[in-house]
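The block underneath contains the structure these notes are about, expressed in structure tokens.
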Amino acid sequence: MMKLMEDEVFRAFATYAAVVMVKMLLMAPLTAFYRFSRGAFANEEDVARKSADERKKLLRSHPDVERVRRCHQNDLENIIPYVAISLLYTLTGPALSEALLHFRVFAGSRIFHTVSYVLPLPQPCRAFSWMAGMLATLSMAYRLFSAVLVL
Amino acid sequence: MMKLMEDEVFRAFATYAAVVMVKMLLMAPLTAFYRFSRGAFANEEDVARKSADERKKLLRSHPDVERVRRCHQNDLENIIPYVAISLLYTLTGPALSEALLHFRVFAGSRIFHTVSYVLPLPQPCRAFSWMAGMLATLSMAYRLFSAVLVL
Amino acid sequence: MMKLMEDEVFRAFATYAAVVMVKMLLMAPLTAFYRFSRGAFANEEDVARKSADERKKLLRSHPDVERVRRCHQNDLENIIPYVAISLLYTLTGPALSEALLHFRVFAGSRIFHTVSYVLPLPQPCRAFSWMAGMLATLSMAYRLFSAVLVL
């Protein structure tokens, strides 16, 4: 085990970063599930075994598939900056309780965001869950800038 | 403060990585601003309080919204690889002046890229700003490979 | 050279992470090549020098361009989580041979995925190459959770 992983804040960071990354990765099989159950594909080679008539019908977009893809895109836009910023924030040596608060708020907000988006729940469920995650990330960025600004 | 953050090159890396990440995060509120001001939404639950007639009109794409979204997408495609590659480049122990040159060229190029894309400025403003950022990233990747290649 | 880079597993991680990141970055010039060769652009300023008639024809989407863009998007969805998770996995101090196996399977699978997608090769080439990369990432996430779980 390397030195960094002996620090408890870093271990907490590693756990939550991996949790939200795996959550994001699972959007791909979810998209595949919707593509197959709704019969909506994007590539000709994906429907090559079907008859010409069926192929034409299956190469289309479907609202449910597009919804999951927008949710996946929102994950990319939010979870990846979180991982980068929380890594740097962790390296400034915050207190464990403060760090865990940030990590848990973010992870919880993104899981609730996915549920709100895919089901979907009525607004402002999705808007508020997105905002909670954004604020957790910006709060860590603020603490990072306070600690190490070198322009 | 952990050991890594005591290194001045690493602190400079952390600052510039957080700056471009926060810049990328701010594309989301900018997209929301264009969605509301142009009246162009993607999800039915976002317009649920409107009358049926209005809902139909508001669920559409708008060129200004799509432009900001393409700019955001370009950020994802360029800023995230920059952060990963500049982290590894920083760990090879470059001179501070050389590292700062790379970080500043990249951060400047991406801010100018966003301005060029969203306003928009005439080409080749956007093309050149994109290319400057790309070259900064590839130059760091080259130095990384020179220092640590293990295949 | 900083301490982390003296570790051979970390150097291998850095090499493979940079290889797949540079591969992902090169999707942008590939998209540009298809945009120019197919005559399919997304922004008005990109075709500003053409006559009004030509402009109208060039502002369109083309199946070949969309295919490269879907491939690029799939890279974002898979390569970035790989880099984050393999960084954390590397910090748990795995054996070099085990780490290299994960890194090589992933890098190979993503290069084969790009070839399968862009040419395209018949299915299930693309599906299997995507799955191999996914399994390598999930296997590293599993080992990471076994080593450091702090919830």
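Letters A, B and C name the chains as they come in the text, with residue numbers starting at 1 for each one.
The rule is simple: a residue touches a chain if its C-beta (ideal position, glycine included) is under 8 Å from a C-beta of that chain, and two chains touch if they have at least 3 such contacts.
Worth saying up front: this structure is predicted, and the values here are computed from it rather than measured.
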| item | value |
| --- | --- |
| For chain A placed onto chain B, the superposition rotation in degrees, Cα atoms, nearest 5 | 120 |
| Proportion of interface numbers common to chain B and chain C (over half same, under half different) | different |
| Centre distance in Å when chain B and chain C are each reduced to the mean of their C-alpha atoms | 17 |
| Set of chain C residues in contact with two or more other chains | 3-4, 76, 80 |
| List of chain A residues in touch with chain B within their complex | 3-4, 7, 10, 67, 70, 76-78, 80-81, 84-85, 88, 90-93, 120-123, 126, 130, 134, 137-138, 141, 144-145, 147-151 |
| Chain A residues within the chain C interface of the complex | 1-5, 8, 11-12, 14-15, 17-18, 21-22, 24-25, 27-28, 42-46, 48, 72, 76, 80, 83 |
